[in-house]
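Before we start, here is the structure in question, set down as structure tokens.
First chain written, first letter: the chains are A, B, C and D, and each begins at residue 1.
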Amino acid sequence: MAVNAADYTPQELMVVAAAREIRDGEVVFVGMRLPLLAFALAKRTHAPSAIGLFENGLVRDQLPPPGLYTMGDPPNVTGASWATGLVEVMALLQRGDVDLGFIGGAEVDRFGNINTNLIGPPERPTVRLPGSGGGADIACLSKRLVSLMEHAPRRLRERVDFVTSPGYGDGPDWRRRQGLVRGGPSAVITTLGVLRFDDITSEAYLASYHPFTTAEEVAAATGWPLSIPACCAPTPPPTADELRLIREADPDGFWTR
Amino acid sequence: MSKLVPLPDAITRFVPDGASVALGTSLESVIPFAAGHEMVRQNRRDLELVGPISDILFDQLIGAGCVRRVVAAWVGNVSAGLGHNYRRAAEQGVPRAIDVEEHSNLSIGLGLLAGALGVPYLPTRTLLGSDLVSRNPRLEPLEPGLLRVGAIEPDVTILHVQRADDAGHAHAWGNLGVTKEAGLAAESVILTSEEIVPTDVILSDPNRVPLPPHRVRAVCHVPGGAHPSPVQGHYGRDHVAYAAYHRATRDQAGFDAWLREGVLDVPDRAGYLDKVGERWPALRPLVRCPAAPVDYA
Amino acid sequence: MSKLVPLPDAITRFVPDGASVALGTSLESVIPFAAGHEMVRQNRRDLELVGPISDILFDQLIGAGCVRRVVAAWVGNVSAGLGHNYRRAAEQGVPRAIDVEEHSNLSIGLGLLAGALGVPYLPTRTLLGSDLVSRNPRLEPLEPGLLRVGAIEPDVTILHVQRADDAGHAHAWGNLGVTKEAGLAAESVILTSEEIVPTDVILSDPNRVPLPPHRVRAVCHVPGGAHPSPVQGHYGRDHVAYAAYHRATRDQAGFDAWLREGVLDVPDRAGYLDKVGERWPALRPLVRCPAAPVDYA
Amino acid sequence: MAVNAADYTPQELMVVAAAREIRDGEVVFVGMRLPLLAFALAKRTHAPSAIGLFENGLVRDQLPPPGLYTMGDPPNVTGASWATGLVEVMALLQRGDVDLGFIGGAEVDRFGNINTNLIGPPERPTVRLPGSGGGADIACLSKRLVSLMEHAPRRLRERVDFVTSPGYGDGPDWRRRQGLVRGGPSAVITTLGVLRFDDITSEAYLASYHPFTTAEEVAAATGWPLSIPACCAPTPPPTADELRLIREADPDGFWTR
């Protein structure tokens, strides 16, 4: 049973949308924050056999415990399937074992390139961001990439100041020319909608807008003229069950409130 | 010959000004905060910090003016995102300008692995098409579809472990990040340990040992030495401390006050834990999760 | 979905004729003899065997005519030196000619590591000046002071472990050789295990797990599956069996008789251990050497 | 107290000579058979802090137990300092941590090159030997190399048929030209004597002959005109204590009888 837009936060809807990107049995590079909640939700609903990879050196096929703040919290190790090193886990990524990777970012552009390093001119940045972490690796090496981000014009830009995590570069064939052997963005899930990428042009389009907004509002909050195809529709809202499961996983609402 | 020394002695001896120091090798857990704080108290200068994700320890050392250069994939506060001192240093040169060699987690892991293996570089398929490549001299195109990651060889790697003996044998469990690579790549290793145990305890389980003991130069008994980061089997993460640090350090004056109270005016780790107060015992796990028995006969 | 299957089914499904198979990855211990004997019984042909030091398992498979090619650093009998079947095949083409890709232990380890890392090669400083380089196409000069070792990617790696569950989680302890590299480099992994245990036992100690469980395709319950090689905590090495094999296989007829009695006429591992007789229970350790407790809370 | 030549075997004397090559505190790549006994003897006498490396993935700083047949026998793991993988242990070798490495061989030549691969023409060998194992790595990468071998003309040859484990190649400067960063043979300990290498010519000379033979007999059993310097003297025999310790470590005489 779907619920009203007033009954959930944008972050909760993002978790639901992210969970739906995970197919049962897939190997998922999880990362932290909303993707971790999405992974837990997917495992408790349609993808019980999904496997989660964490760059600190963990693989989990059991449900992550509730209330995690970081992937290194002891309860995430307890009951893991493999506790090892970063290179061993990222070797799985480089080998091509990872079906889906999640990352966040400060900026994304119309070809899905993501910046998490700096804002402003690279030689004299106005804002120094924390950096790639594992994001650039996940963007280069997983088969499908989903990013999550706040939707605002300064975040969805025509061109990012710095490509930390490559999307489709400047368009079709760019990844192949760089030597990337697979992958590319599959979706960008924002606080306002879900963007996907055109098979021919590699450019982002609005696949759905969240129920509490409109396609026009989403376009207005985007830093380039966002393509809105005829099939663009509201994002399916969370079910009551999904919301309950998210709130069990994030009991303090640390990431979703 | 015992390698057990007080932490200040280990820092004095193996972390000189200008040293390249790997810290935070397990990412968000077992970060050697006590060792970092001792570097601040000894007013260490011109350090190069190496690590994938240091959480706030790098931010603290940068704010204290100890740092000349950072080799990292991510510098910030895992709970809150940005690290204020890192921003001030990188954007405004406050308290001093720092050089940043920016990596991804895999590239820093492979750089340390190259150092551990004793080869000048390793090839990788990551970072192709990323702007990180043009800004990092340790990353170079090798052939189509491959980059080379140059070896990273810290002068010293500091690891916090659950237990060690006085000869440098140790046990570490949980997520290991780049612990093994950084420990093997470095000239010296300093261990800070929750417990000091008899050698027999460690030798009873040699697969639990992260590093060959001959590479360990000093062992320091520092219970609580990773707080506010967690130590599997000992204590959880002190989320409150991370949030409080983020709020307190928004400006330089705030950081200076935090540093004075939390580091400079604290004689040692026991004094520090006293200041953490009631939160400290509350971080102890409430249940036991024993590993299944193993027999080495 | 359980991955637990009888050993014959696992060999039928994952080791077809012509497959490249890594075996003996821990060198002298936990060699998957039971799996190798099942390949002989199924009359497997044209295999490529990969492993640093197989002790006598490679020699047996070669003598049985299962092998087209060997990728190894050493093929023989650790107790006695030479392996008679290997010599007959390599010197006289009996029972068939084999191709040998000769490595050192480090070069085969690095080739498997390259496969595990998903890169086409790794650089190394070993083997410079050795005649091995000119005879092995996987070894090529890279730049002065460095060779490249091409990736080795077996179709299947067979590992014998102390305990596993039916989902592919496993615990292995003792010297690990190239176990992790070979397990990660291969398309599929088959585990033969001394014990099948509940999943909770394995998950209680995730640092003891050699490989990510999703890469394991089949788990087989084969107590005694590594005899005559040892399994830490379970049984010692049967030196008598190695010496007897060396004596019995000096000529092809002797080997054929040994193979008939020890492999072909034996239905399964239990039958094999019956034939080992009184030596088998005598290999059990007389004392216990428990690992110190570890808590994952 | 030294004992009479009749009271020990050549193998026991080889163990004693090999043990004397180990200095206290050194990191030693041990291998199997006689070197393992030499390592145990050195640790019980003059080098209690020596550290032993085994290519199956073990490091030991405790005394090895008696009666080992292989490095992978369970008692060699019990009480090890580090149980890990082959590449991790050999990484220590490649990095330059190893002071002394021991290997065996089927043939050695006057420049200390060792063959463990094949006898006869490489394209059509008359004898196929087991191969390098870790020998070639240890010869390339340790700081000093000591090999142990039966002394016979067919084993100590002018030129080996195949260089598995490089010594000094064809003479001075050869190792540097190959790109080898360190090392080279320090001694060849045989059943008849101890050969060392001239600093200038890199050629082997007879440093000592075992008490039960003579320098002339050793030269006659060598496949090239062996240089015998004036300082050549009998190999110091085992002491009674050393013999007792060897026999405790190899109680069945499996390797030394």
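Here, a residue touches a chain if its C-beta (ideal position, glycine included) is under 8 Å from a C-beta of that chain, and two chains touch if they have at least 3 such contacts.
Keep in mind the model is a prediction, meaning the values are calculated, not measured.
**Q** Using the contact definition stated above, find the chains touching both chain A and chain C.
**A** The shared contacts of chain A and chain C, listed by label, come to B.
**Q** Any chance you could check whether B-D or A-B wins on number of contacting C-beta pairs?
**A** Spelling it out, more C-beta pairs touch across A-B than across the other pair.
**Q** Please tell me the distance, in whole Å, between the geometric centres of chain B and chain D computed from their C-alpha atoms.
**A** Chain centres of chain B and chain D, defined by C-alpha means, are spaced 41 Å apart.
**Q** With chain centres taken as the means of their Cα atoms, state the distance from chain A to chain B in Å.
**A** 28
**Q** Express in whole angstrom the distance between the two chain centres, defined as the mean CA positions of chain A and chain D.
**A** 58
**Q** Roughly how far is chain B from chain C, centre to centre by C-alpha average, rounded to an integer in Å?
**A** 38
**Q** Quick check on chain C: which residues sit in contact with 2+ other chains?
**A** Counting only residues that touch two or more other chains, chain C contributes 117-119, 124-125, 146, 173-174, 176, 180, 207, 232-233, 285, 289, 296-297.
**Q** Can you list every residue of chain D that touches 2 or more other chains, as numbers and ranges?
**A** 58, 74, 77-78, 80, 83-84, 87, 94 - these are the residues of chain D that touch more than one other chain.
**Q** Please output the residues of chain B touching chain C within their complex, sorted ascending.
**A** Residues of chain B touching chain C: 117-125, 146, 162, 171, 173-174, 176, 197, 201-202, 204-205, 207-208, 232-233, 285-297.
**Q** For a test of understanding, state which residues of chain B touch chain D in their complex under the given definition.
**A** 1, 116-119, 167, 169, 180, 184, 203, 206-207, 209, 211-215, 296-297
**Q** Which stretch or stretches of chain A touch chain B in the complex?
**A** 32, 54-58, 69-74, 77-78, 83-87, 90, 93-94, 117, 122, 125-137, 139-141, 162-166, 169, 174-175, 178-181
**Q** Applying the document's contact rule, which stretches of chain B touch chain A when the two form their complex?
**A** Contacts found on chain B: 26-29, 52-53, 72-76, 78-79, 81-83, 86-87, 90-91, 102-107, 109-110, 113, 124-132, 135, 144-146, 173-181, 229-233, 236-237, 239, 285, 289.
**Q** Which stretch or stretches of chain A touch chain C in the complex?
**A** 27, 49, 51, 58-59, 61-62, 74, 77-84, 87-88, 91-92, 94-97
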